[in-house]
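Next, two complexes with chain A in common: one pairs it with chain B, the other with chain C.
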Partner chain A sequence: MADKPSDEKILEGLAEIVEEVAGVSPDDVTPEKSFVDDLDIDSLSMVEIAVQAEDKFGVKIPDDELANLKTVGDAVKYVSAHV
Partner chain B sequence: MTALRITQGAAATRLLGVGSHQPERVVTNDDLSKIMDTTDEWIRERVGIRERRFAAKDELLVDMAVIAGSKALADAGLAPSDVDTVILANCTMPTPIPNGAAQVADRIGVKAAGAFDLNAACAGFCYALNTASDLVRAGSARRVLVIGAEKLTDWVEPTDRANAIIFADGAGAAVVGPAETPGIGPVVWGSAGDLVDMIYMRDDRWIYQEGQSVFRWATTQIAPIALRALEVAGLQPSDVDVLIPHQANLRIVEAIAKRLRAKGAREDMVVADDIVHSGNTSSASIPMAMDHMRAAGRVKPGDVALLIGFGAGLSYAGQAVICP
Partner chain C sequence: MSNVDVVITGIGATTPLGGTVSATWEALLAGANGIRANDADWVERYDLPARLSAPLAVDPSDVLPRVQARRLDRCEQIALIAAREAWADAGFELPSDEHTSVDPERLGVSIGTGIGGPVTLLDQDDILETQGLRKVSPLTVPMLMPNGPAAHVGIELRARAGVHSPASACASGAEGLASAYQMIQNGRADVVVAGGAEACIHPITVAGFAQSRTLSTRNDEPDRASRPFDTDRDGFVLGEGAGVLVLERADHAAARGARVYGRLAGYGMTSDAHHITGNHPDGIGQIKAIEHAVAMAGLTPADIGHVNAHATSTVVGDVGEAAAIRKALGEHVVLTAPKSSLGHLVGGAGAVESIFTVLSIYYGIIPATRNLEQLDPRVALDVVSGQPRKVELQAAINDSFGFGGHNVALAFTA
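== the complex of A and B ==
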């Protein structure tokens, strides 16, 4: 089994996904940012981000869990705990 | 034991003609923002719709079906007597009894037609198209008029900002008949009844959807089914001239197109975006899109079109066809 990715690696990977899905600059994707309020990402884009994150990190992010991922930091923590 | 004689049908089938009908009344996003908490920008970003058509109180589902069906017959250059079976795909009749197909057949002038309604929600047209094709191939029918018609506004709470912005009214139709060379490919269809709660009538009255779950299902599970529909027809993704997914949400349509292009579909493949001006008309959306795109010159006779319907049930069906 591959080594578990560091939080920095997960953040970097998430930033790439957020850029591809929503056109947000990776520099803006920092842990304290709220997806909805700061990055202006809507609920359907969140699903696209979740689907791509599942493929990239090999985790499952069900819709009811997705609702709890308010900030980029929440998502990094979730992926890190489930990878 | 006595053996029964059975029918022999056509070796292959094709689409002989298409037609569609929309109600007169255009409803813009600004119109909707006057009766609910929404904006033009919000709607365009979430679902890609700019305007849709709502039927008048006295314009019924069967009325729209009759007009679309008659246009499809005319497009095929056929008289009502050339057809012996009518399938009406829909999920929004005002009452379960009587069905709509018998009335539609009678009003179009198809005498004593084999006529039945088929409910596979937004997958209904593709289900009905395959059923029609198989009836002709088996010899149960000579030619079949297949119609998808919906009056969704009867079943959407008028100020529900999640659904009233999406659903609309209209009808689309196609005539299926025998052919020398196959113009309707084998269907890939199925259902996922375990996910029934994702789209249903809340309180037995108003359409309700788990938006995020439906979006995830449609954007991840439908493209693989569309690819299988190509495979069983002996086609490659690069063979597709026109992609006509059910017009559920422009973002779903674009997500399906993106996944197909990642598997080799061409960049110049035409992708149906009829939802922009028609909204989501459930079982009517695919034939209506084909008819509108052909009228606009975006679809030509002989083009390979990939149809894929998906919706409540959950149910899905897709097939490759040659455009008439």
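== the complex of A and C ==
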């Protein structure tokens, strides 16, 4: 297992996934943004993003945890704590 | 006779001949062939006897934004592309929160498909089998459902008067138009975006049609394979495509000064109650569908100058249709069979071919049937071949028939 990624690296990786799944520019994927309200990502795309994030970072994101990840920052924090 | 005039104010299509109506129509008039050798690896792998197909001329994933394309089945993609073209052609703008070209409460959608998204269904089944639940797309169900094409068009155009998706196999696109006509007649809508779409070229559909012995196996001659009404026809070629028309109350269209291509003046929809794939030997259902369309339009058989035939290039089907046309309309009508150029677009066929019927009246020209070298004597009708024929038309019929015994005839007038 590689070294634990920095928050910057996690943010960068999430931004790549969000761009792939939802077409949001990586520059717009910043910690304070809400996935639903700011980035216009629907619940179906959130499922895809979670699956890709699990694969990319080697974490598990159960559905009840996913529901709590409102902002990009929440997701970075979750991944960082579970990686 | 109908009491509300329903006119056509916009048309859109993506087909094996072109990515738009104008590209398709020009290619059709030029006698182009949309049928290709199917070089997919699975043809060899499964040793499929029918090795031809009529793929789209323009890949829809090259037309739509990447993220939108990945959320849609190919059938939904092409319905949306054709609908956008028809909508813009009608002079409408895409809706925004500030502006809608048509009152959403008065706007409907009726877009049929034969099977919807079988390719998505099978792809996702493979993923479930090989990669497990986690990798199954959360979009699987909305991508495979047969109402998906109509639903996506309805969402994009903000249609709140009702979104419908008739499924009557190869008659689905025509039934989409007939249902749209009813919506306007019933007062449910002023404008209905209507038609059909199909994109199901896949090993299982080709294998299934091949096993029902309905596909051409003229594998070495893609250019000559689809030959409706010809004595040497041996089956149809599976194609993909979508056609969408904007149907509108005539007074609504007049009030906004819209360009009018023609009228959808009546329809006939009957069912054979006979056999799941074979047409009724006496053609009763086909005859009645044509007769009903003519009567609803307030016309007589003598008024109908042209039939854009369903004619798929099967041995039995083409002769049965010709007999039904002779019985319902007489021997004066001039036929053409566009599947000779396009292949069979299944749920898209009735809509795309209705666009051709409308344009034949509008421009006064009937495209030629390709590969008609020797007319089957049992057809006994005038079928345009060689070159397109210039002819002034007041009224024409489009025929569409589907597995299940569905018969739809649409009457268009100038």
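As a convention for this text, the second predicted complex is superposed on the first by the 83 of 83 C-alpha atoms of A that agree within 3 Å, B and C clash if a C-alpha of one lies under 4 Å from a C-alpha of the other, contacts with A are read in each partner's own complex, and residues count from 1 in each chain.
Going forward, a residue touches a chain if its C-beta (ideal position, glycine included) is under 8 Å from a C-beta of that chain, and two chains touch if they have at least 3 such contacts.
Predicted model, so just to flag it, every value in this text is computed and none were measured.
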First (chain B), second (chain C), both or neither touched by A:Ala81: neither
Chain B versus chain C as contact partner of A:Leu66, first or second or both or neither: first
Chain B versus chain C as contact partner of A:Val51, first or second or both or neither: both
First (chain B), second (chain C), both or neither touched by A:Gly23: second
Chain C-contacting residues of chain A that also contact chain B: 43-44, 47-48, 51
Touching residues on chain A, where the partner in the complex is chain C: 21-23, 43-45, 47-48, 51, 54
Chain B contact footprint on chain A (complex, rising order): 42-44, 46-48, 50-51, 63, 66
Chain B to chain A touching residues, read off their complex: 45-46, 210-213, 215-216, 219-220, 251, 255
Chain C to chain A touching residues, read off their complex: 65-67, 134-135, 137-139, 142
